[in-house]
Amino acid sequence: MAFLEVQNVVKRFGGLVAVAGVSFEIEPGRIVGLIGPNGAGKTTLFNLIAGTFPCDEGAIRFCGEDLTRSRPYHVCRKGIARTFQIARPFHEMTCYENVVVGLIGRDGFRGETEARRRRVEELLEFVGLKDFMHTEARHLNLIQKKLLEIARALATRPKLVLLDEVLGGLNTGEILKALDLIRAIRDRFGVTILWIEHVMGALMQVVERLLVLDRGRLLCEGEPAAVVKDPRVIEAYLGEADD
Amino acid sequence: MVWKKVVTVPVILGLCLAGFLPAHAAETIKIGVVGPRTGPAAATGAAFEEGIALALDVINGEQGGVLGKKVEVVFEDTGGTPEKAASGFEKLITKDQVVVTVGESHSSCALAEVPIADRYKHPLIIAEAWADEITAKNSRYVFRAGPCNSGVVKDNLLGFVKDYGFKRVAIVAENTDWGLGIKKLAEDGLKAMGVEFMTVETERQSQDHYTELNKIAAFQPDLVLAFIYGFGVHYFIAQANETGLFPKKALILEGAGPPSLWPEFWQNVGDAGNLELFLSRMHSKVDFNPVSKKFREAYTKKFGKEPTDYKSRSVYDVLLIAADALRRAGSTDSEKVVDALEKTNLEVGSGVVQFGLEKGDYRYHQWQPPMLIVQWQNKEQVVVYPMSVKTGELKK
Amino acid sequence: MQDLLLYCTNGLLLGVIYALSALGVSLIVGIMNVINFSHGELYVLAGYFSALFARALGLPVLAGAGLAVAVVFLFGLLVERTLIRNTYGNDMASLIITFVLSIVLQNAYLLIFGPYPQKPPNWVDGSTRLFGLFYYGNQRLAALGAGAVVIAVLFLVVKKTWFGKTVRAVAQDREMAAMVGVNPDGVNMLSFALGCALAAAAGVILAPIFPVTPTVSVGVSLTAFIVVVLGGMGSLGGCVIGGLILGLVQNLGSAYVSSGYKHFFGFFILLLVLTVRPTGLFGRKQL
Amino acid sequence: MPRRRTQTLQLLMALGLALFPFFAGDYWLHTGIICLFYIMMASSWNLLAGYTGQVSFAHAAFAGVGAYVSGLAAIHFHLPPLLGALLGMAVAAFLGLLLGVLCIRMGGIYLSLTTLAFSEMLRIIIDNEYEFTRGTMGLSVPFILPVYSKTTAYFLMGAVTVAVLCVIRSIVRSDLGTAFRAVQNDETAAASLGIHVVKVRLAAFVISSTMAGLAGALYGHYHQLITPEILSLNLMFFVLAIAVIGGMGTFVGPIVGAIFLEFLSEYIRIYGQFHVLLFGLIALAVCRFAPQGLMGLWQRRMRALSS
């Protein structure tokens, strides 16, 4: 039984085929990178896994359960959490409340308890937003919003987290901290990570496997070092550079 | 910042409190008028205002006021909706402290006002709300010196149908309390007379009556009784003309009255208005008595035109009745005013008013004025019914 | 049988009129995702202006009508710039603001024009016998013709012209359109005003048959919403079909069921369609 | 504001409200009762529109459902008005659930238009089923209490209003309230965190419809007259304007808005027909320049003062 199994999924928007039959598997406890040029269908693939869009064809199985037709809330309760390419915190709510949404989404409406308060504080401390606990999310900067999304996603006690571009716009020091954080997510919470990223250099330091998507298809997958040397991958990226 | 609050808070509080304080001792006697000044029937409100001005000239002028004081009228808008009417009427009683209230031209509003008149034991004289139920409730405090549906149907419409020998009558009625109420009475009357008839209901707000007209045309009537109040009847007449029903095949008798007198009538119906019939309480060539003559002269003098909407005189009449009752009661005490009203025997523009005193049905506290059926003939009003006062022949 | 023919004819003819009065809503919702609640008020405004220009200024009826549409177009530009622009992306804010605007306009008309109906002169008089069966007012037939022309012109503009292509580009993807050099703000302003002008066109065409009062606007807006939802938001073709369906249903319903329930049937069909097919009969997207 | 001062203020307000009937005349008492009705209506609409971002135009219609069900039950089955109000509330809840199931998954503009259609259908039925509902003439119903007394009615309405407000407050502060706001802020993000968006919205819709039904039933019995006017867009506009002017999405906003508008409308009553125009203009200005309403302005001011 595979942990996450994506089987030949297809997604079309009108005439455009965004994802054209992608299959792969992920083992638990790994940090897996997902790369590819712009418009390769990476975020669409995330949306299919998370249930935001229904697949036109194919199947998605997670821990032996079929999630192909599942709605996003159901996918989440099964243990897949995500962040968004453009951060989408609940702007009019405080950081604390943002994290609480993740908790009640997973556990139901159980009311505020001391244990829950501690857990929220822990999560915010983990991503380094403890000082902003009672700040409304719209007052945060871009990086902080991304961090808040991660804390919120972790609050749902996921087995798999889908990270969509966490490093964009960060300077070198910040990137190093973020990489530590991502490692810590896996090590401390035992969460598997599937991670879309454009900042290749940083990505390579952390991931243990790479998937490369191009024009809706899986170009290749494997060890990061091997993948980046693959001529098809180089061509895909060079092709993009030519545009 | 603090000094600002120190000033503003007492000012606001003071303003609020000022509103709660009861009105100080009255130097005038206040009479309330209820009627639609806004909404679809706002034209009636305008007619009421003319009638009020003329009545006040008489009451405060030649009659020298009431109980040694001048009379002041407070005109409250009902918007033609019962809720607004009820709260406005209650406001007249509790806030303005009027001693008697007159007016109204919507049955629904009047019916909402009856329980309030009862609750506050406040005399209410209805001028132009026709539903039988208003007086049929037999409230001690509610009077009507105006037409009621039963009176209109029995005394006028059925007589008209019979005397002119119409054979097939179509009834079109708006689906409101008034429309459906008077429709029922007309149906019963026609059935009793053995005249063939059919009925179509319509929406008051509707601007398109082709479907209803098609149904009516299929029946091939020679008279259409239209119980639609407001502009709807204008559209109905114009479209009846377009579809070739009126006046070629059948005449239309509009059972509400004033809409055929409103200034927009000719704009909306165009030439199709010719030969249309309608109910009215007033006609320039028919003077019932010296009071109606005086009203017409005063109106022409004050407004520089002939009175058109008869509801100006309806409210004029009830104001005179109220002033007369206050004088005879010798006090503003409502019980005494009601007693005085019950003994009313006063000549007003529509005739000599005497309220029915026998409890049991709608005739209690009701006085039915004589009604006319008028036909537009080349934009002239010709009275064609009752036969005794007609000023011309009915044209088909 | 003759009756049925008559009700159907009447229904179809009214259907074109309904489609005409819904075009403005359809265009605006299609491009901007904004439901213009004050649609009916703009319709009424144009009706007032056309009556005013024809009667007070003595302009020929059609010139007065054209001028009225132009004035409402300008008014539409103004409304978009001052009220709608900063609500983009928030459907509910634009809904609330146009709803409030509709109430404000209704009451402003009451203050300015009074509660009385205003009617521009008829373009043509008399009536014509159709199929040798029944009479139909000539003004209605003229309105029908004018309505058909407006619908046809709008289709041509949207499908064939540069403006139409730009507008459709914006409607499909605002960011992409902005990248290729289209100014979405300008397009929005123009399309909102165009939607208003379509409401106005309906107003001036229909005011001679159904004179305008401050309160008829509610009925106009409601009818337009039914038509737009029936046809599918933003689909102009659906809008025409929706209008025809509504016309037929209303006429057959009020003929064979109850004329008091005339307007009920439209709402009922709306609920029915939404239950079965939430995006309307021809909806291309869900808002 | 310091906690002490807030408490003192609340105490003073409660005292003022309790003593209100004893120094206000009949007329202002009446205004106060109407004001309580509007507070209930606007607060419950705000729970839906302000906290979950769904603009329903059927709120007045649900008040109408409550009023008519309770009124008809009182007339035909001699049900005491207070029990009738519960029945009206239940029927409003049930209809709210039906309508909600039908239109909530479409959301957004579809919801607004469907609720609009629903309220018009209801109005047409009431107009037409004249024999049963008394149509536009209105249904005369018994007073809310066995004996007519404005003061008692005021206290009854006041108690119910306070109860409704407490329920709203506890919902807003509960996890459900957090879910409401999450759904309003970003439904995609909320769904990705395991929130069942449709269920949460449906809950808001049903709760607010139920409260409208209760408010409507009490209002009808207080007036002793129920007319289709209660279902009209006019009342809907008034409720919406109160929430918008007071401040949507805040607890105090609708209360402040209701008091402000109701008393303003009494002060400018002499201008009769123009007060709706004035409200409209105020609401428009608030929408445009202060989308957070009076409460937003106040909070901004307090923040400016404290910093």
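To keep things simple, chains are lettered A, B, C and D as they appear, and every chain counts its residues starting from 1.
By our rule, contacts are C-beta pairs under 8 Å (C-beta built on N, C-alpha and C of every residue); 3 or more make two chains touch, one makes a residue touch a chain.
All values reported here derive from a predicted model rather than from experimental measurement.
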Practice task
Looking across all chain pairs, point out the one with the most C-beta pairs in contact.
Solution key: C-D
Practice task
Report the most central chain, judged by the distance from each chain's C-alpha mean to the global C-alpha mean.
Solution key: D
Practice task
Farthest from subunit C by Cα centre, which chain is it? Let me know.
Solution key: A
Exercise for the section: Give, as an integer number of Å, the spacing between the C-alpha centres of subunit C and subunit B. Expected result: 37
Exercise for the section: Report, in whole Å, the distance between the mean C-alpha point of subunit A and the mean C-alpha point of subunit D. Expected result: 42
Fill in the blank from the handout: Between the Cα centroids of subunit C and subunit D the separation in whole angstrom comes to 32
Handout entry: Geometric centre distance via CA averages, subunit B-subunit A, whole Å
Key = 74
Practice task
Provide the list of subunit D residues touching at least two other chains, using ranges where the numbers run on.
Solution key: 127-128, 273
Handout entry: Residues of subunit B whose C-beta touches two or more other chains
Key = 38, 175
Exercise for the section: Return the residues of subunit C touching two or more other chains; collapse runs of consecutive numbers into ranges. Expected result: 110, 258, 260, 263
Fill in the blank from the handout: Inter-chain touches occur between A-D, B-C, B-D, C-D
Completion exercise
subunit A partner, complex, touching residues on subunit D are 174-176, 178-179, 181-182, 185-186, 188-197, 249
Problem - Complex contact set, residues of subunit C against subunit B - result: 3, 6-7, 10, 14, 110, 114-119, 122, 125, 127, 134-137, 139-140, 209-211, 213, 215-216, 219, 251, 254-255, 258-260, 262-263
Problem - subunit D residues within the subunit B interface of the complex - result: 23-28, 30, 34, 127-128, 130, 134-138, 140, 148, 223-225, 227, 229-230, 263, 266-267, 269, 272-273, 305
Handout entry: Touching residues on subunit C, where the partner in the complex is subunit D
Key = 29, 33, 35, 82-83, 86, 91-93, 95-97, 99-101, 103-104, 107-108, 110-111, 218, 222, 225-226, 229, 233, 258, 260-261, 263-264, 267-268, 270-271, 274-275, 278, 286-287
Problem - Of all residues in subunit A, those that touch subunit D in their complex - result: 50-52, 71-73, 76-77, 81-82, 84, 88-93, 97, 100-102, 104-106, 109-112, 152-153, 155-156
